[in-house]
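Quick heads-up: structures coming right below.
There are two complexes below, and they share chain A, which is joined by chain B in the first and by chain C in the second.
Moving on, here comes the complex of A and B:
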């Protein structure tokens, strides 16, 4: 009798162990199925996100662009999320020059979105009327050779429209200060790097 | 010979539990390995769930970014994980700046609502006001804490300039970006979620954003 009871107990215990093992197997199977589903979800999200990134990149374009901070007098050439170069600049002084005849000029750097419209080596500065008014000198005729000044714009210049340029300067000591007549001045070494990395059509964001 | 039959029968009967016990022992030997396998599966599941959450969050941000790409709108992206913010225009980064998180002085939260109001929101938020020289409206509890009677609700002594710096940008949901306290201004406890920016960065951000501009907090 005792033997039989013992045998029954052993059988029941063994059956319980088997049942638990079977339950563990089912739990693992269910989890494996869930993991497979989760892998599918993750793969789909990765695919969708990849496509969205691609769309965004296409819309923004992969070309470098120039950003000018007129408050901090800094320029950076950026591509995507990276800054390719950073430079200290001089931007517009905000100074007002008034001619006796009534013309007025305010030397501010324009803000907004611009485009590189021209690239020049050894640029020549066409000295405008305001430069003569500012220096209290007589204004020469528009075609006068006296208006053509070499060297003052450094070795390279980028035109961004409206007679505004990003150019080199001999006045390095003023870099970091708002002293220009509206153009953006860089030291020649930085200007050369910038000149070599941008093409016509490059966007320029000035704030 | 006659005695051997019942013995054989007994042996056979006893064989079944023995076999079962052997099976159980084998299974229990495997149990350790299976438990390890189960744990491995659980960990993989957890990793996948966390990866999916990250991907979903990334997707929400990409939708936001895609919507603004190519437009002429300025907006902010505030990455609180990296502590870096960026001012963008139509998808292009114009300026990057450091975010100073958890630097606001806060009153002890008295309710769970108080505590949750100090937590930065996630996702897209819209600017409801930009303010130059923002004033801090001193609340009742500040006076009570100092054992003073609160002045009238509209009393001018309740308005203090300086604790929020030179500029403040107020977002829907009580989230504020502001500057460091101006020199000589008290460090006032702020009852809102906040990010502090350096004055130079804040000045630029304020000059380019308007009421209605958006920011994405990651």
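Moving on, here comes the complex of A and C:
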């Protein structure tokens, strides 16, 4: 009788072991399926993220761009995440000049996105009307030779449209201050570096 | 009778050996699943950040990126860096405020003496390192502290409603 009971117990525990083993198999199978699914999702995300990175890289491009901080009076030439050069500048003073006849000029540096439209060596400044009004001098005719001033814009200049330029300056002591008539002034050495590194069409972000 | 006992005994022994192996397999599978879950979370975050960047291809708004692990923030416009500046955080900056994702500039505050602050909802406030008095309502907010010069540039470059992204 005892032997029979023992035999029944052993058979039952063996069956339990088999049942547990089967259950373990099912659990492992389920987990394997889950892992396979996770792998598929991860692979899809990796692929899609890779495409998006690529798209971003293409859109940003690898061309250098100029950034001007009018509050901090700083200019930087950047390429992707790197700053290729940084310089202290002078930007617009924000001052107002009024002519007796009613014309007004506010000397601010424009903000927004611009493009380098021209590159000049030994640029000549075509003195505009406001410069005469500011100095309280009589305004010469539009094409007068008296308006042509050499040296005041340094050795190099980049035109960014609307008569605004990034240029050198003899007024180095004012760099870092907002004193210009709207142009962006750099010391000649920085201007030379900038001039040599940018091509026509380079984007200029002024904020 | 002996055979009746012997067969299940052998089965039990085989089963016991199998269990040990199964246990190792099961642990491996669990580890794999955990690793994959972590990787998926990373990929989802990366995707969220990419979608954020994508949003600014054509947008005319400037935005900020905060990297709390490196202590640097970037002012960006159309995915181009306009300014890259270091910052430090006040001791009351909780881990919650650093959770990865988007925060909105809810208020630009300018007080007498050129004291400025950028308030990002209930998350944190960006101020200059110079000791400044805070409004009572903002006193409990954690602070991101920038140099006076960087703060000034960022303040005037951003508009209320601008977005910032916490990278890490």
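Just so it is clear, the second predicted complex is superposed on the first by the 156 of 207 C-alpha atoms of A that agree within 3 Å, B and C clash if a C-alpha of one lies under 4 Å from a C-alpha of the other, contacts with A are read in each partner's own complex, and residues count from 1 in each chain.
Methods note: a contact is a pair of C-beta atoms (placed from the backbone, for glycine too) under 8 Å apart; a residue touches a chain by one contact, two chains touch by 3 or more.
Everything numeric in this text was worked out from a predicted model, so none of it was measured.
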Which of chain B and chain C A:47 touches, first, second, both or neither: neither
First (chain B), second (chain C), both or neither touched by A:126: neither
Chain B versus chain C as contact partner of A:69, first or second or both or neither: both
Doubly contacted chain A residues - partners chain C and chain B: 3, 7, 10-11, 13-14, 17-18, 21, 24, 27-28, 31-32, 34-35, 38-39, 41-42, 45-46, 48-49, 52-53, 55-56, 59-60, 65, 67, 69, 71-72, 78, 81, 83, 203, 205, 207
In the complex, chain C residues that touch chain A: 1, 4-5, 7-9, 11-12, 15-16, 18-19, 22, 25-26, 29-30, 32-33, 36-37, 39-40, 43-44, 46-47, 50-51, 53-54, 57, 62, 75, 77, 79-84, 149-150, 152-153, 156-157
Residues on chain A engaged by chain C in the complex (per definition of touch): 3, 6-7, 10-11, 13-14, 17-18, 20-21, 24, 27-28, 31-32, 34-35, 38-39, 41-42, 45-46, 48-49, 52-53, 55-56, 59-60, 65, 67, 69, 71-72, 78, 81, 83, 203, 205, 207
Complex contacts: residues of chain B adjacent to chain A: 13-14, 16-17, 20-21, 23-24, 27-28, 30-31, 34-35, 37-38, 41-42, 44-45, 48-49, 51-52, 55-56, 58-59, 62-63, 65-66, 69-70, 72, 89-96, 200, 203-204, 207-208
Residues of chain A touching chain B in the complex: 3, 7, 10-11, 13-15, 17-18, 21, 24-25, 27-28, 31-32, 34-35, 38-39, 41-42, 45-46, 48-49, 52-53, 55-56, 59-60, 65, 67, 69, 71-72, 78, 80-81, 83, 113, 203, 205, 207
